[in-house]
Amino acid sequence: MHNPPFPESAQSAIRNPQSAMLEVSGLDVAYGDLRVLWDVSFSVGRGELVALVGPNGAGKSTTLRAIFGLVPVRAGAVTLQGVPLLPEPPYTRIRHGLSLVPEGRRFFPQMSVEENLELGCFALGARDGLRRELDRVYAVFPPLADRRRQAAGTLSGGQQQMLAIGMGLISHPLLLALDEPSLGLAPMVVDHLYEVVAGLKREGITVLLVEQQIYAALDLADRAYILETGRIRREGPGRALLADPYIRSTYLGLTPAPPPG
Amino acid sequence: MSDDGRPRTGDRRQGGWTGLGVAGGLALACALLPLAGTRDLITAVFFTFLFLVLALNFDILGGFMGYMNLGQGAYFGLAAYLAALLLNSGRLNRLGAADRPAAVAVAVAITTAVAFGFAYPLFRLSGAYFAMATFGVVLLIRHLILNFPDVTGGSYGVYVNPRHYLGLYPAYYLGLGLLCASAALTLAIARSKIGLAFNAVRESEPTAAAIGIDLFRAKRLALVLGAAPSALAGAIFALQAGYIDVDAALGVDKTLLPVIMALLGGSGLVAGPLLGGAIMRAIDILLKNYLRLAFPALVIYGAILMGIGLLMPQGILNFFGDRRRT
Amino acid sequence: MQTALDLALGGISLGGIYALTAFALSMALATTHVLNVAHGNFIVFGAALATFLLNVLKLGGTATAAAVVVCFAAAGLLFERAFVRPLLGKTPGQILIGSILITFGFAVASEALLGYTWARRVDPQPSFSLTFPLARLTVGGAVLSGTRLFVLLATTALIAALHLFLTRTALGKAIRAMAQNYEAAVILGMNPRRISATVYLIGITATAAAGVLLALASPLDPYEGTRLTLVALTVIIIGGVGSLPGALIGGAVLGVAEVLTSFYAGGVWGPVVYLVVFFAVLLVRPQGLMGGRAG
């Protein structure tokens, strides 16, 4: 299992062993006069893979960005292991154990793959063990090892996504948030991506997955929330939501599932 | 209110009857001033007219379109030099009494053409890069003037032949007329489709292009509309002053003060530069005549500009207007 | 042959100075999105302080150099804290207006103050100029300008130090990272305020140092600040934002162009050539000769 390397996150784990990993309550977000999120509340438990899904423009990315302090929040609270996050500036999230792989695979295009991964460890400070951490990520993503000196901007879309996830993982976060990782990737690459995400889940890493590809996300998720036009409409176990008739017809274009047996 | 504090197109309530009433009253007062004021006062107010024209012109490109022109003084200075040199060269003598208007017309025409030409390299840039590039225009003109001393008098400046002088009173009324025309022009732009197009460019260039606005032509038009009246102001200035040099015609105050005036009063509004201009000229007169400063006025002006940037970049009228609305 | 050597050395050494100051501006621009109009003023201030310490107070060379570094490191931190920090986190439109107003205002106010104070207290015709003790060197039969050689070596050392800092230290990599992708950097724990402060501390100090070196080559007056910012900007337009190789090439181009122009067309035309290059590059290839987009 993972030992969080930051004093802040380790201490809060000791203080609140039973609380959900991530608790979001009553999140209200607006861009100027444009209200985007209404009273959004959800939670992610330790070791769970929770999916936040919904149509384009529903506010999924905004929710993640709000958690990270990248957009101004009108009201609401976000706690990680009981520690309130919203008053803190965005660059401290990683020290609390929260890691984000943003939409569009953000990384540093003119730096090499290895430099990018090293920067994933920036907040860790101490440099011994860096080699070990890099090798760990290369073991999960062999194509990155082959291209470690290549400029990150020259990688293919799928490889860039691997790099971005590697950068998110290398700091041993308590919770990894993925913002639409399948965006812009070819279907075969998306399949491989989801194998990787499933692997993360098997290792016990807590994951918050925001996705537009609803089927794959619901299939993989322990629990999921449906976000529509800024509000949470449904929640439940992933498989159960897959069988939900409303979801099947609205998002999957399918007829209701046949009864078992 | 768009994100930089300037008025959005929908906020355009300018030119209402109260505004016109106040403006008309002020114009009348200014027209009557020479009957009662001292020569010094009249000169001071005359210069105020010129600075206000520069401020209004700055705000066409700066306020409506969001492109800050730190070289507004270039058009003023270039036209001043052109008018003076043309008259001194004697080429226009055969026009007799019409030589001064002709010189002014030619100076304005050439300056406007130069502005038109500079639009091509300048608008390859945007934002702060653009602002610095416009400053480069001033520097270029200064260098050219200084490097051809045989033609331009170099650092010694140019004396206008006394028979071409423009007397203080005619200059004063010309200045007042130019100011009214400039204000009318700016108001007309604000209320027309052109102004709408300018605002669209300021809000979002990709969107403006998508709805069919030719971005470059709009920008070039804004630049030219802001250059011509400034050029006219420069030509009038040269003929009234009788002597110009690079510091008088192209000094940093010809750029700095219009920027402060427009931004202090409220960028994007017609009344903004006028209000800011009045305040700044009052400060200027105060500093020059009543407070013995230990250091140059530019230090104060620079500090004022910094203050505006730090505290109230959208200007007085926008600041209070916003408060009133919310 | 002698003349060609002189010109080459003069052009390259001048180019090194331009490259150094352009890169400092470029880094600040890339990380904070603020174009410091007063950037060139710090070249003048560096020259002014060195002139004052060396020529007026008669301090030694090392003491002057140390004083310049300490002074401008502090100045860089103060400048960032007072004028750049308030803009961090605002929208691009607000940053644009705010930064131009604040830095342009600062440029005008500070140069007026410097010119006035110097004229009153030191010399009615303010001019900042330094002389290097080994002005002429004979190397293998050719006579070289010791001053230019020193300037070239000094700028090379400073640029190399800067390069090492940016590529070998954690903070340096963080600065590059933030210049390439602000949000990703923040997410990974890089503190934008700390990076902004570091960039200005190093950038302003390097710029002041460039000013000291420039004063060795030719006299400066108090009002050249904005012009020098524009020179730095020309280098950036040629070489691209945030690129050190680009700054080196752009600097070399401008330095050599200026020296050659002065030689063939007369000294008054040297200082104009950067403007011609500036507008020409804009017209022909606005994305810069190295592909970096400016503006």
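Think of it as A, B and C in the order they're written, each chain with its own count starting at 1.
Note that in this section a residue touches a chain if its C-beta (ideal position, glycine included) is under 8 Å from a C-beta of that chain, and two chains touch if they have at least 3 such contacts.
What you see is a predicted model; the values in this text were computed from it and never measured.
Student: Stepping chain to touching chain, what's the minimum from subunit A to subunit B?
Tutor: 2
Student: What chain lies farthest away from subunit C once each centre is taken as the mean of the Cα atoms?
Tutor: Max centre-to-centre separation from subunit C belongs to A.
Student: CA centre of subunit A versus CA centre of subunit B: separation in Å?
Tutor: 54
Student: Please compute the C-alpha centroid of subunit A, do the same for subunit C, then give the distance between them in whole Å.
Tutor: For subunit A versus subunit C, the centre distance works out to 43 Å.
Student: Could you tell me the distance, in whole angstrom, between the mean C-alpha positions of subunit B and subunit C?
Tutor: Centres of subunit B and subunit C (C-alpha means) sit 31 Å apart.
Student: When you check subunit C against every other chain, which residues touch at least two of them?
Tutor: Where subunit C is concerned, no single residue meets two or more other chains.
Student: What residues of subunit C sit close enough to touch subunit B in their complex?
Tutor: 34-35, 37, 83, 86, 91-94, 96-102, 104-110, 112-113, 115-117, 226-227, 229-230, 233, 237, 268-269, 271-272, 275, 278-279, 282-283, 286, 294-295
Student: Which residues, counting only subunit C, touch subunit A once they are in their complex?
Tutor: 170, 173-174, 176-177, 180-181, 183-192
Student: Residues of subunit B touching subunit C in their complex?
Tutor: Residue positions touching the partner: 2-5, 66, 68, 70, 118, 120-122, 124-133, 135-136, 139-140, 143-144, 146-147, 252, 256, 259, 263, 295-296, 298-310, 313.
Student: For the complex, which residues does subunit A have touching subunit C?
Tutor: Residue list for subunit A touching subunit C: 68, 70, 89-95, 99-100, 102, 106-111, 115, 118-120, 122-123, 167, 171.
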